[in-house]
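Some structures to go through are shown next.
You will see two complexes here that share subunit A, one where it goes with subunit B and one where it goes with subunit C.
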Partner chain A sequence: MPCHCNTGRLEPSSIEDISKPSEQLAHVCLEDLPKLPPPYDDFNDLPPYKPLTESAREDYEATLDDTMTVGLPKAKSPEEEKEAVDKFLTGLQKLFSKEDNWTFLQPLMLSMEHCAKCQSCVDDCPVYESSGYNEIYRPTYRSEVLRRLYFKYIKPGNKWYKKFQQGDIELNYTLLVRLCELSYRCTLCRRCAQSCPVGVDNGLISREIRKIFSQELGWTQKDLHERGTLQQMTVGSSTGMNTLVVKDNIDFIDEDMTDRTGIEVKTPWDVEGADVLLIENAGEFLAWPENHGCIGLLLDAAGISWTMSSDIVGYDGVNYGLFYDDMQLARVATRHFEIAKKLKVKKIVMGECGHESKALAPISDRIGLDLTPRESIYTLMRDIVFSGKIKFDPTKNDFPVTLHDPCNLVRSMGIVEPQREILRYLTPKFREMTPHGVRNYCCGGGSGFAIQTPFNFNDWRNQISSRKKFEQILNAFKDEGHDPDQPKYVCAPCSNCKGAIRDLFDYYGAKAKSGYYYGGLSEIIVNAMVDAKEPILDWEMM
Partner chain B sequence: MPMFEAGDISVEVDEDGFIQDPDLWNEQLANALALTEGVETMGDEHWKLVKYLRDYYLQFGIAPMVRKLCKETGLPLKRVYELFPSGPAKGACKVAGLPKPTGCV
Partner chain C sequence: MIITLSVYLSLLIFLVAIVARGVRIVNTPIHLRWELYPVPHEKGRSQYGGSRMEEVDWWTKPAKKDSINELVVMLKEILLLKGVWEHNRPLWFGSWTLHFSLYLLIGLMGLQVLSAILLLSGFSFYAEIPELYRLLLKYIAATGFTMGTVGAVIMLKHRMFDKKLRMYNTKSHFFNIIHLGAIYVSGIFWMIADGGFVEQQAELFKGVLSFSQFPAVPTAGIVHVAIVMLFFVYLPFTHMTHFFTKYFIYHDIRWEDKPNIPGGKIEKRIVEAVTQPVSWSAPHIKADGKKTWADLVAMTGAEKEEEV
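Let's look at the complex of A and B:
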């Protein structure tokens, strides 16, 4: 399947190129992409990368690369373009003021001022590597654009000296539309920040660029904003489930789980004074209902007093504001803590969701709300598994298992061992990916990419941002062959990562071709319970 | 806003190709949308899924859980993927004229 282009590889030759109008700043030829391990190494067998349609190119600002996810409609007049530039400058000033950037000013300043341009970070970026090292995706490319804007417009000093020292940049509309899209080509996995000798955080820079566009210009990604946080604050959940629907669905899950395991599962609602308020990503209830069912079953089996909340936002741990907007971030987090206070619970337990955990724990600490203690479900499940209250038969999990490390929980929060202790005990054929733990690779769906599918963005994600993960999974199961009737399980304890891995397996046909399945952690635990009547991992339904 | 056009059909769709106004849905439109999802002919099982999705949507305002969909229609997930290669959310929901499923689903 050779590339559809007739341009050949295209990439900017300098930072200044981002402001120079051209049809497209970068293009990745399919031939440039690193080869996947066999049997996915034959270029001709791989799925196509659909080009953007002509009508999309006519209606939208499609001048960055081969895809769009924000999808900005074309400006109608030069006045509109000028207005956007003015707003951006206001946003830039706010981004570097203490009063307006009350969340991330300190690490952002550090990242602006102290980059030594050593490029230690670039080899750690899976997007850059998987694109065949296209300059546009180099993690320092977009950072350098913001850095030059910072030195030109914000930092005091002699303008000629600054220009000489930092390099120049022209702020125009072309730059804005490209920079906005480009801030959504980074999964915010922060692998680069980890490799930086001075802690410069290019992931944070991408996120802060998105923030200017969202907070000052109203340029947002629809799945995160309109269908995401806005819908969550009005209807109750980013999934569109109101209280009635979520209760109906949870009833169904409880019944289904009880039928299959022979163990009574009943989710408690709005119990005042419970020890634990369980807040999960509500996407689980619709797409991976066993995950909630198994968590409920385990909490009961361990004799923990727990509850869920049926208040608006209380039953959905999603907080997409983390990815693009401080106001939305704080609004959702505030609701979560208000509900915990109202129910007088001892702690909030966050489900198998990376960004929820990060938003509710370290980031809420930074926002400084009136905080209820919080715990990750990973540590709680570890404690339950090793409490001696439940009998396990690990041979029930007699299939190859590997573990995906969700970036937010593992690299950003440092929860590395509990999930491994569980798997080493309950899955006899467990093996690690290389590398793993805090050195893991992102699933490719980070920062909400997993749910973004406008235009051909799905193809971009599966070909580029998820590519490294697929390579890792193939290598982890290298010795197991590709018999589709022998299931191989990727344990991915995060809603967003599961979405990305599902799409990845669908895209490459990995279930039919190699017997690759994926799911969470709680399912693996319940699957090994001696008292559970039927296996909870039902390959037919996965 | 992008348009979906096929024969004498012309309806507004979002950037993912989901129709914007679910009230405009009819069987002729479903047939045309199915073609964009790699479904050449809508058979009985396709219609069973699509009709279940529509009825559920009209009652609850969102798409049903995947497991509920399988249980109520009696079609295992594997079969759903055979019928709609892009899956229940992106494929079947689109053909049934539902809005794009939202959140981490």
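Let's look at the complex of A and C:
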């Protein structure tokens, strides 16, 4: 079939191709993408994939594939290119040093040195599969590039022997700019790592590549760094909300929730000695305000002593450092811990946000001493729902529901059942996606992709990295038909996943075409409350 | 005597290199937690991939460990290559036969060490060692060599013709398979060349254990021993060390599940790590080669030069 874009499929035919200058290393034709289930199966009916503009191609290093998210401006001179290559080499050394990379040296070294190149991991990658198996997105491609660089430049030994064992690669500026972008074509979902019999973690390798660029060269994705962690550390939140604005917004949310449910909701601020410090992803307050309202309502209804913090960083659980930079990760998490200590709370409860939960609970467990314990809101909600303190009427949720598992909470933390127990109880038409739980597929917005929109990255995400999720959702509801007046709800209890699914549904027009809606877990719970005056899930407004 | 000395030398190189690799791994600093579920020791939860973090106030409750399930999961992986079966079925048969034949030959070596001890204790191979035992050794060897040869041929075919693998192959992959194949084929030749393979091998082990002369074996036997010894020297310098580093990957990373408890060992190691100077040079890191990780974490990353 001819390529609608007249370019034809492009992909590297060797690992070394990444260093060879060419206009573009890979191109995905829409015709090559796996077909979605009906009525989304005709690509001619689907939104077009906007190509990068000529001016973007002129100004930026756009030689990897059809999109950009880091968007590196073109180097001005060969000297600048050489300087970047030299810096990269220094960064590579630091990545394998005990002092500079104590945080991940052991896992990285083990992943670098023991890959059998058996490719058992590759078919489980949703990005690779959804790209029509374009070589550039194979989980082992970028890992292999870093591995060859590691063996060639860092690992001591005879150069011929190393070449014999691992193959060769040429380090040049072309490789550098492509590898930097390529590290942002993996959602860090770690599904491939589960499939590796040796235990090699290609997700971790992608993250470590991002780290060299961020921590040594200062090459970062702007939504994660400048508008992300830096803004959060200085203004208070990656949303740009300062303390005054956030308090104002929360006041408004509380009032609205009180009006709609007839149950008084009042968020407590800076209460010293409260049992629970609630830290949510502040993006919720702007994009899905009812999520915070429902959480507040449920905590009050269960009689829990809780508080939020108005300190800078204290009201935003976002920690994009998890995706690209250990120092930023540690800085944000350390602020969270300092605030918990200051307020003398018994525990931090992390809102419906996968990456916040993973960053603060297991990952940051080793960034400091005597840290306040952390708990996921899912487990607390499960206890609240089954405590008998609140009366529910599950028939209020009499619409088809399926559950999306956020990778960070299931695969990296093992929190699988609490959210299901709630849904099995409160939603009579609950059904699982296939596969689900720890073998779930990423929403496609993982590792911060959900908030990255430069150039045409949105199109890439919706066509490729979120494609598998869309297919899963369509299959989960396949017996329900596509009547737009019959709402079907995807429970996605994670701010980042919700962002990706919102964009996905908008992109394919899934609400108008099939009646697909999405939202959190707390909304489903409050929607089933006997005492709530009005349903919280208002399809007209969603 | 040269052969005997070469055997010692190759075993010594193997041991030193393996221990050195192990020490290098153990001596890496503590790392941030990076578990991957399912974690098989999570009692009652591992079947669906759950963890103790599913419970409210989980840190106040004792961890419930299921070491038997962990062992079962490990054995399934080691003996049956469950991961390859589930995620790369076309490769499974070749890979399993190649791996399983190695286990058989390692088992054979273990039994021959026992034979050697019996011989050194004065037992006679034919008169006093039961025939059943000798037959067992013979069948293990025959099965191992045959399976290994078949496995090597299949894996070679995959490496040569499988499109999925081709781009990622290096010369070493072919060398490794041919090397292993040569071990198995030479073993078969030794068995065919002389009906006394089992006894000769036992004598060989006796010689090694007692620092004595290499026994008389057919040329095929000498070739076999030489290839095996080369493999011992070569193995520690390849990715095939995953036979033991996998233990660290699973137990120290994927299934680690060790919270940082105040006053515990982990805490001490964290203090060591965060008091090292950091030298990353991106502007937001603010490192100067002297400031430690702990110093830098106290900053925001957005400070102006004059504030640093």
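Keep in mind that, in the parts below, the second predicted complex is superposed on the first by the 534 of 542 C-alpha atoms of A that agree within 3 Å, B and C clash if a C-alpha of one lies under 4 Å from a C-alpha of the other, contacts with A are read in each partner's own complex, and residues count from 1 in each chain.
Here, a contact is a pair of C-beta atoms (placed from the backbone, for glycine too) under 8 Å apart; a residue touches a chain by one contact, two chains touch by 3 or more.
Source: prediction; values computed, not measured.
Steric overlap between subunit B and subunit C is absent once the structures are superposed on subunit A; the two fit side by side.
Look at A:Pro394: by the touch rule set out above, it reaches neither subunit B nor subunit C. When the two structures are aligned on the shared chain, A:Pro535 is found in touch with neither subunit B nor subunit C. When both complexes are overlaid on chain A, the residue A:Gly283 reaches subunit B alone and has no touch with subunit C.
When both complexes are overlaid on chain A, the residue A:Pro484 reaches neither subunit B nor subunit C.
Of note, the Cα-centre angle with subunit A at its vertex and subunit B and subunit C at its ends comes out at 160 degrees, rounded to the nearest 10. The larger set of touched subunit A residues comes from C, when the choice is between subunit B and subunit C. With both structures placed on the common chain, the touch criterion links A:Gly132 to neither subunit B nor subunit C. In the superposed pair of complexes, A:Pro418 makes contact with subunit C only, with no contact to subunit B.
The gap separating subunit B from subunit C at its narrowest, counted between C-alpha atoms of the superposed chains, is 17 angstrom. Across the superposed pair, subunit B and subunit C touch subunit A at no common residue.
Those residues of subunit B lying in contact with subunit A across their complex are 2, 14-16, 60-68, 70-71, 76-78, 81, 86-87, 89-90, 100-105. Interface of subunit C with subunit A (complex): residues 25, 28-39, 42, 45, 48-59, 77, 81-84, 86-88, 91, 95, 164-165, 167-173, 175, 237-242, 245-246, 248-250, 252-254, 259-260, 262, 266-267, 270-271, 273-274, 276-285, 293, 296-302. For subunit A in complex with subunit B, the touching residues are 55-56, 59, 71, 222-223, 227-228, 231, 237-242, 244-245, 248-249, 252-253, 256, 281-287, 289, 316, 318, 353, 450-451, 453-455, 495-496, 499, 506, 540-542.
Residues of subunit A that touch subunit C in their complex: 13-15, 87, 90-91, 94, 98-100, 102-107, 109-111, 113-124, 135, 140, 144, 157, 161, 164-167, 190, 193-201, 204, 214-218, 225, 229-230, 233-234, 326-328, 330-331, 334, 347, 361-371, 373, 375-376, 378-380, 382-383, 410-418, 437-439.
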